[in-house]
Amino acid sequence: MQQLTRQQIAWRIAQDIPDGSYVNLGSGMPLMVSDYVPAGREIVFHAENGLLGIGPRQTAESKDMNLINAGNIPVTLLPGGAFFHHADSFVMVRGGHLDYSVLGAYQVAENGDLANWDLPQGRKAPAVGGAMDLAVGAKHVFVMMEYFAKDGSAKIVPRCSLPLTGKGCVTTIYTDIAVLDLIDGKVWVREIIEGITLQSLQAETDVQLRISPALTLLSAPASS
Amino acid sequence: MINKIVPSAEEAVSDIHDGAVLLLGGFINCGFADELLAAIHARGLRNLTAVSNNPSVGEGGMVKLLSDGRISKLICSYSRKEGTTLIEDLCDSGLLTLEIVPQGTLAERVRCNGAGIPGFYTRTGVGTPLAEGKEHRDFDGETYIFEPAIKADFALVRALRGDRWGNLVYDKAARNFNPVMAMSRAVTIAQVDHIVEAGDIDPEHVITPGIFVQRVVPTRAPARVMASAATAVQTSAPVS
Amino acid sequence: MQQLTRQQIAWRIAQDIPDGSYVNLGSGMPLMVSDYVPAGREIVFHAENGLLGIGPRQTAESKDMNLINAGNIPVTLLPGGAFFHHADSFVMVRGGHLDYSVLGAYQVAENGDLANWDLPQGRKAPAVGGAMDLAVGAKHVFVMMEYFAKDGSAKIVPRCSLPLTGKGCVTTIYTDIAVLDLIDGKVWVREIIEGITLQSLQAETDVQLRISPALTLLSAPASS
Amino acid sequence: MINKIVPSAEEAVSDIHDGAVLLLGGFINCGFADELLAAIHARGLRNLTAVSNNPSVGEGGMVKLLSDGRISKLICSYSRKEGTTLIEDLCDSGLLTLEIVPQGTLAERVRCNGAGIPGFYTRTGVGTPLAEGKEHRDFDGETYIFEPAIKADFALVRALRGDRWGNLVYDKAARNFNPVMAMSRAVTIAQVDHIVEAGDIDPEHVITPGIFVQRVVPTRAPARVMASAATAVQTSAPVS
């Protein structure tokens, strides 16, 4: 059994985003997806802070900090890109103009509910950012996460115990072990890594897993 | 003759009063009107409400207002200040009240005020803790919540270029919330890196037309938007 | 008794608009106001179709019809002007960013109600344009009209019989005979032309006219 | 590779169906997508709803669709066509239904749809015949009416320049409703006078970012925006 690295999950997600898509990547792990766009595809990446057509990170030693993505990473803009203000940026998000949003998650419920903010432990001040808008606005909401939490429990749950970011919004979950589609309140395993059985995965998951008719092995190039 | 140019930040903020509601352009640490915020701090104003996407990064600008207890309420989408417990400490000691608003809802609530619209319905936040106590209403089988317009006294924005009529253009991602805050019904004060002649900004390229801007103040210190890789702090949330 | 010409009414209105004001002029008569801005004042004229800083009309034989005001008149743009789209244009109008709106009227009621659209006679298709937004949005709504309708009745009425454009919105009425301020549902005559008495004007007006403490003669240069 | 450029208007409108709701950019006679409208006419489509500030002036574009009875509903702020009784005749004969909407309300109702907002409250129209039958609600002692978002199938816009990503800029007052219509949730088809390379439009100057545009069609005939004084028809209402 060979779990996917975060880079490999990012690679896997990138394969599922068609040429010409408009995509917002959440801060942190999801940002890695842009490193794995397959050759020949043009994907237009959006950032909440008013950018479309984000290119590679800035490589110069001195960074232009007026050209950042929503995670404060200095980036570049591709030819064909555009700047716009926050209200217009969220017209794009809330208005359903984005094809894909890739978000991290603490929990996803089988009905598609997403919990990805406000860790209840600790005394961290609340931070929601644009995630709630992205959760309801994008045509497809992809979640990128490890299958199991640090305590060993599956992060796919019958019902989220953590505060929600959005209700019934998640369409597909990409993890280190499996790819799962959420359709009409049911969880379908579309891909699973070699060396693990559905039975053993089911035994550690409180949600009923169904076998997609198109079930295949989940794998990614080692170099990703 | 129209001349909205005010020579100094001190003069530009001289009528801001204790208890004022301030709209701040800026995102993370990009596009804040830092010299206006410093001038407000120097005036010793208290009990301010700041409407800002996040506490700015670094130690200047609004952070000094926050850490010195001048801001009693912060309306924002992201209240954490990485590497410090400033916000948590202020909240625990009762000196600061937070209102957390999803980022797109924050932008639209400010635009509503500028557009003569009392609030708007959105699906954003439905079913989450941020919907509690809010009016819920169904349209075409979808549930929405009502988010009221945010009224404010002053908007403090940062622009790249501006003219005596108040027309503004911005620098790349430093645009962010600035045109939205400027559009509000508040008195808009713009800190501008380069003052240009009226007509120097092509009318096709104006982002904030002068009607939305009451005062234009030249930036005193040159723009410092270049950072070495080491100081380009990441403020990403651990997830999302 | 020397009634003001339309040009003279336009001149009179222009005197009451301070330097630096943002002003929308309705189509037809009100557009003449821009010809009489006193020397030394900069007034920024707005048009619903996305212009601020409108200058004189185009004078070339060949007109650029992509640079028109809201009345389809080819105009110019002053240095400092800007173009923007219709939604932003009406943020300015509805949001209270305009200082003055100058509109024509068929009737104005003593409570400030304005009727300036949809002539009930004839079979003209309805046309409201931007007048309803201007009526509620501008800080000051100036009406420019003749005091008497063609049938000889005063156009200042106790209550509008024609369909309303806006409720209680008119602040001042500029006519060929008098200038009248509408304050808290009362009509105050601020200026009146020489050769007509308030008594005789009152006799032809169904609304009670009050004498403003600042009452003066209404006059305008003959050349205007 | 993204290439939204479609060679001909005919191809660009080929999936528009009978009964479609069309958003039209343009104001008076300025900034209409005349070649797209001609191609729609040539297809013989019927029972169309047009959302347009006014019937365009002249005899081309949407006027031909109107006069040939292809448009069964017109949502507009200004329905008169000076010098003709076309609109009145169509209404009298039951071939055309009008919905009159104040100009700013029309723009905002279209923006709402694009922004995921089901409608908005406005003071515009309160106490007038246009408020009849609409929800009234008070906010802070002022009365507002609710105006629903306008949903549509296609938006037909006219731009000066456009690229294969769908970015658009406009020519002066020909901008008008075009960016607003483009922003809707409809399939946006842009008739563009000059096709340029991606990157030729400065990202600071883009008015309609490509995300809002699905198809870009080059204008076939050169722009005819110059008119002699004699043909510069005034369409002003007698008052207002």
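Each chain gets a letter, A, B, C and D, in the order it is written, and its residues are counted from 1.
Convention: a contact is a pair of C-beta atoms (placed from the backbone, for glycine too) under 8 Å apart; a residue touches a chain by one contact, two chains touch by 3 or more.
What you see is a predicted model; the values in this text were computed from it and never measured.
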| item | value |
| --- | --- |
| Farthest chain relative to chain C (centres taken as mean CA coordinates) | A |
| Distance between the centres, which are taken as Cα means, of chain D and chain B, whole angstrom | 33 |
| Distance between the centres, which are taken as Cα means, of chain C and chain B, whole angstrom | 37 |
| Whole-Å gap separating chain A and chain B, where each centre is the average of the chain's CA atoms | 29 |
| Of all residues in chain B, the ones touching two or more other chains | 108, 111, 115-117, 122-123, 170, 172, 203-204 |
| Interface hub residues of chain C, defined as touching at least two other chains | 77, 83-84, 90, 94, 136-137 |
| Those chain pairs that satisfy the touch definition | A-B, A-D, B-C, B-D, C-D |
| Parts of chain C lying in touch with chain B, wherever the complex brings them together | 19-20, 22, 40, 42, 44, 46, 52-53, 77-84, 88, 90-92, 94-98, 136-137 |
| In the complex, chain B residues that touch chain C | 1-2, 111, 113-117, 163-165, 167, 183, 185, 197-199, 203-204, 206, 209-212 |
| Of chain C, residues touching chain D in the complex | 26-29, 31, 47-51, 61-74, 77, 83-87, 89-90, 93-94, 103-106, 113, 116-119, 123-133, 135-137, 145, 163-167 |
| List of chain B residues in touch with chain D within their complex | 108, 115-123, 139-140, 142, 144, 169-170, 172, 203-205 |
| Complex contacts: residues of chain D adjacent to chain C | 27-31, 53, 57, 77-81, 85, 87-88, 91-92, 98, 100-108, 110-111, 122-130, 170-180, 207, 225-229, 232-240 |
